[in-house]
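Structure, as structure tokens:
As written, the chains take the letters A, B, C and D, and residue 1 is the first residue of each chain.
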Amino acid sequence: MENKQQLTEQILRMSGVNARKCMRCGKCTATCPSFDEMEYHPHQFVYMVEKGDIEPLMKSESLYTCLTCFACVERCPRNVEPAKLVEAVRLAVIREQGANHLKPQDLPELWDEDLPQQAIVSAFRKYSK
Amino acid sequence: MQKIGVFVCWCGSNIAGTVDVHAVAETLKKEPGVVFSTDYQYMCSEAGQNLIKDSIKEYGLTGVVICSCSPRMHENTFRKAAQSVGLNPYMVEVANIREQCSWIHKDMATATEKAVILGRAAIAKVHLNAPLTAGESPVVKRALVIGGGIAGIQTALDIAEAGFEVDIVEKSPTIGGKMAQIDKTFPTLDCAACILTPKMVEAAQQEKIKIYSYSEVDEVKGFVGNFSVKIRRKARYVNEDICTGCGVCTEKCPQKKVPNEFNLGMDNRRAIYIPFAQAVPKVATIDPNYCTMLKTGKCGVCSKVCTAKAIDYTQKDEFVEAQYGAIVVATGFNPISLEKYDEFAYSQSPDVVTSLEYERLMNAAGPTSGTLLRPSDLTHPKTIVFVQCVGSRCDGGDKGKPYCSKVCCMYTAKHAMLTREKYPDTDVYVFYIDVRTPGKNFDEFYRRAVEDYGVHYIKGMVGKVVPQDGKLKVQASDLLSNEQLHIDADMVVLAAAIEPDKTARPLATMLTASMDTNDFFTEAHPKLRPVESPTAGVFLSGMCQGPKDIPETVSQASAAAAKVIGLLAKDKLTCNPCVAHSDEQLCNGCSSCEKVCPYGAITYQDKEFRMPNRTVAVRRVASVNPAVCQGCGACTVACPSGAMDLNGFSNRQIMAEVDAICK
Amino acid sequence: MVFSYYPGCTLKTKAKDLDRYARISAEALGVTLEELPEWQCCGGVYPVAKDEIATKLSSVRALNSAGEMGNDLVTLCSACHNVIKQVNNDMRTDENIVLKVNNYLKLDKPYAGETNVLHYLEMLRDAVGFDKIKEKVTNPLTGVKIAPYYGCLLLRPGSVMQFDDPENPSIMEDFIRAIGAEPVSYSMRNECCGGYVTLENKSLAAKKSNNVLESAVSAGAQMVITACPLCLYNLNKNGSDYDIPVHYFTELLAQALGLK
Amino acid sequence: MQIEKKEFKPTIVAFCCNWCSYAGADLAGTNRLNYPADVKIIRVPCSCRVNPMFILRAFQRGADGVILCGCHPGDCHYTTGNYYARRRMTLLFSMLDFLGIERGRTRVEWVSAAEGAKFAQTMNEFVETIISLGENKRLEDLRCKK
């Protein structure tokens, strides 16, 4: 229980988000371009972080389908910034030893000769530590 | 030396919970001049007041200090109690040990210590208090109502009904306000025009009411009972007294491309226009921004067709100066601009409309003559999406308004219901965060929309609207089923937040009436004085004070009228005796005080003074008109010789308080 | 007019065109772009977390180095612009980050967000002026219907980027008018193309890119322009349902100025 | 060497205009917003009633900080009172500089009747500033000490 609370506080601190501001309008989820690919949707991230249910989020593939396009951040009427929570949970995962989502050896398979460097750099920054 | 009584109130546990009231009373007993000190549960109760009265009599008190709640709450109560047993009311001082002590501190020792110091300061001040007698000022028996919407009309009618003269100043060419643009009213669905226009006519015909339409308030001077107001009557280039409202000019005017504000720009009017058929006064107005004659001097068609010869291109703004005893603010509201919310594509598609625009699209006198057609191609929309809370309930600042606009849930239910009733083949979706329907028959109304009319209410929000191939692709969330919905809509209706009219802020400055951070007028007390502004003689009616629907607006309008009638029924008002006065012996006639006085209450007169050796010298000295002085004290600081002082807040009194606090 | 210029790594490799046309156009417009003597990759994505310090350092170095030369910093790639601008905002507003970054970098003079960051488009709008560009155009793209694609990085978060109205931007439209072409307004211009997720989830990127192109095509566009190499890649490669050319805006600028 | 001191409890005088700031202070109370008990409020009809003398007097009598609160510019109940106050205080503050009184010991703040939270926050900040400045010794009249 204590661990759960610590984890929640860590997520809130890293993200700088005040999840309590959420009024549950669901605009984040309405605007999310990755909705179909997500198990937990932006409004659920906010609600679950507020409740302290971080672990299911950490195990979810949703972390890697968020595009960080900031549409939810821009359009949230309450300045809650759901994308920052997704990012914080993702970081909490990849900062654990050996929990990198993307490993260099995976790359050749994903490679494509037109792919700009930017995509690889970004993916490494997003998916591994 | 004064004989002072100290009364420490418990306010139940509000004060006694954090302040050791016994100890305060005991400690203050030892202060010089204090002959009696006690504590009691509720000083403001009748028993408490009797305790004060009895003690004044028994101990022959010449000064009273009450340690209790804020003086803004009960100072008058205690002053009246003292007066009833013959003590001058201005010999009573209140030490605020509730709002400024017990409620903000948790630790008993700290709070008690502070309460004692606040008590000491009040005792130090009372030592220097002097009995004051209030003067009187006459009341002008006429009221001014600013704004001619339903709020202003109702207030004016009620005041006139009671027999007082009342003027309405309305900035647009007709009275009626927003209600005139509304199609039907919730929850009864009666036609807004049918219930509003008789009231407009009644206002026009009521002998006691004078309507200044197309006019604005330019300047306000004076104070309660005697305001002096300068009204600008904007040039309408039509002689109001002669124009018969026949409307021929509005049909013949060649300038046809003027956005019609009554239909929110969805159709056009001419440069000379009568806003709508039932306008009051039914008089034409020339829009100087579009009139070719006024802009280039070439045209004059309206003048040629006017059989009454009412057109006057040379008309100038005119000014009326009038005196009023009371002023009612009824400046109303507007929907916010939706520029910042373009994820809903308001500026990208004509088929995305605000609720007020939808209201016009449903109205028989609207741009589509009451047939619901979507603006882009004038076809019947088959799927309509309503979005609630656009710009309401936001995080403030750039995001939008932090308040709930209150009326949107109900009018959206109304729109949805009416649409389904008239066009049963239409699919209607309402995206809501919460449905807020507290009001008589309100929830029943909303339930009818769902149960009887089959409106789809979806808990969630619209995230993006994409106009594409003649459709509006709506992407939204359904939170209860945890889905993202994609709806191809023909129209999207946005429930835009409401905000106070832009003219309210400068008006508040003119009236020195306070506003909150959202530009709504603040009331004197949020619960107990909801229709009065903290500025005496200024009253509030309708949306200018906060979001409200028509029945609430009308109740508030009548309540404001009742307050005005109560004021105008008096022949004289008791003035505030805490006014400035000048010590003629010290005054050197420098005029510093005269220059800073915002009320012109200070005049100079030549006065003879007896000098040594029986000589007489004539000196110029300041004198304050106590009926005009409002007691701000600006002059007391400007006075270089220390001649000017303020009753009730004298230099010595304030310094005694400073000393007591710093000791 | 002299600006420090941060090209970023993609512009040195896969997106050489974006860079090359920007440089020659700037020169023709009387703007000197001085490439920073040393720059490192910005990292591609802004490190959102408050406790990410090391990942912000390369941006701060670039910012500081432009500042030392007394120049505003011009960026071109949307991703670099987003990262550098957001980091600069942190350096202006977040005391904790400022303290830690400066402790680490030990610069001669601590950096606290003094440098201004401009996107190349902002430079065109504010420093050069679209009117002046219009005058210099020798080869106007008359009649070409172009859909501007902003994507997410240039616009959001709007409060930080201060680039344009995040929901209804107009700078690219104005640019398109300046080069003599006709802008096509469509609503998906500020929605995501799929971004870096393309690396492991092609179908997601394809869906997003096709949505954008669908919206542009239905609005009558003949061509799409972008400022971002990744957007270009996604729209070209993954937006395969629609056969519409996607170009860097600098390429069209150079063409209009008669430099291509 | 650290000399052990007992906790410094500053004396702070707050002049509040009756119409806005005093009501704002009341609202802070109504909303139970805490601020230190060191702040003692003196009610004046308008911020323009505050004579610079009062402030000097407070410092002389041992106050560690003096704050003046009035209506927001443009919102003065008496139309222009707060403008006078603002100008007077600007002059006074520059003179206090000259006397060697730290600038931070005085402050003017506009607090409306609706800004209970701002009132509490202002007072909290002000007390913090005063505590960091320590005791006011410069102008204190030793004869006024017990």
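Going forward, contacts are C-beta pairs under 8 Å (C-beta built on N, C-alpha and C of every residue); 3 or more make two chains touch, one makes a residue touch a chain.
Here the structure is a predicted model, which is why all the values come from computation and not from measurement.
Engineer: Once you count every C-beta pair in contact for both, which comes out on top, A-B or B-D?
Structural biologist: Counting C-beta pairs in contact, B-D comes out ahead.
Engineer: Centroid from C-alpha atoms only, then distance subunit A to subunit D, rounded to Å. What do you get?
Structural biologist: Roughly 47 Å separates the two chain centres.
Engineer: State, to the nearest whole Å, the distance from the C-alpha centre of subunit B to the C-alpha centre of subunit D.
Structural biologist: Computed from C-alpha means, the inter-chain centre distance equals 30 Å.
Engineer: For subunit D, write out the residues touching at least two other chains, lowest number first.
Structural biologist: Not one residue of subunit D touches more than one other chain, so the list is empty.
Engineer: Could you check subunit A for residues that touch two or more other chains and list them?
Structural biologist: 36, 71
Engineer: Two or more other chains in contact with one residue: find those residues in subunit B.
Structural biologist: Each of 343, 464 in subunit B touches at least two other chains.
Engineer: Touch graph of the chains shown: is it line, ring, star, complete or other?
Structural biologist: Topology of touching chains reads as other, fitting no named class.
Engineer: Please give the residue numbers of subunit A that touch subunit C in the complex, ascending.
Structural biologist: 13-16, 33-34, 36-37, 64-65, 67-71, 73-74, 83-84, 87-88, 91, 102, 110, 112, 114-123, 125-126
Engineer: Show which residues of subunit A lie in contact with subunit B when the two form their complex.
Structural biologist: Counting only subunit A, the residues touching subunit B are 21, 23-32, 35-36, 41, 43-44, 71, 75-79.
Engineer: Given the complex with subunit A, which residues does subunit C contribute to the contact?
Structural biologist: Where subunit C meets subunit A, its residues are 8-10, 13-15, 41, 43-45, 47-52, 55, 77, 79, 152, 155-158, 166-167, 191-192, 194-201, 204, 207-208, 211, 229-230, 232-233, 236-237.
Engineer: For the complex, give me every residue of subunit B touching subunit C.
Structural biologist: Contact set of subunit B toward subunit C: 339-343, 345, 347-348, 398, 464-469.
Engineer: Touching residues of subunit C toward subunit B in the complex: what are they?
Structural biologist: Answer in residue numbers: 159, 165, 167-168, 185-188, 191, 214-215, 218-219.
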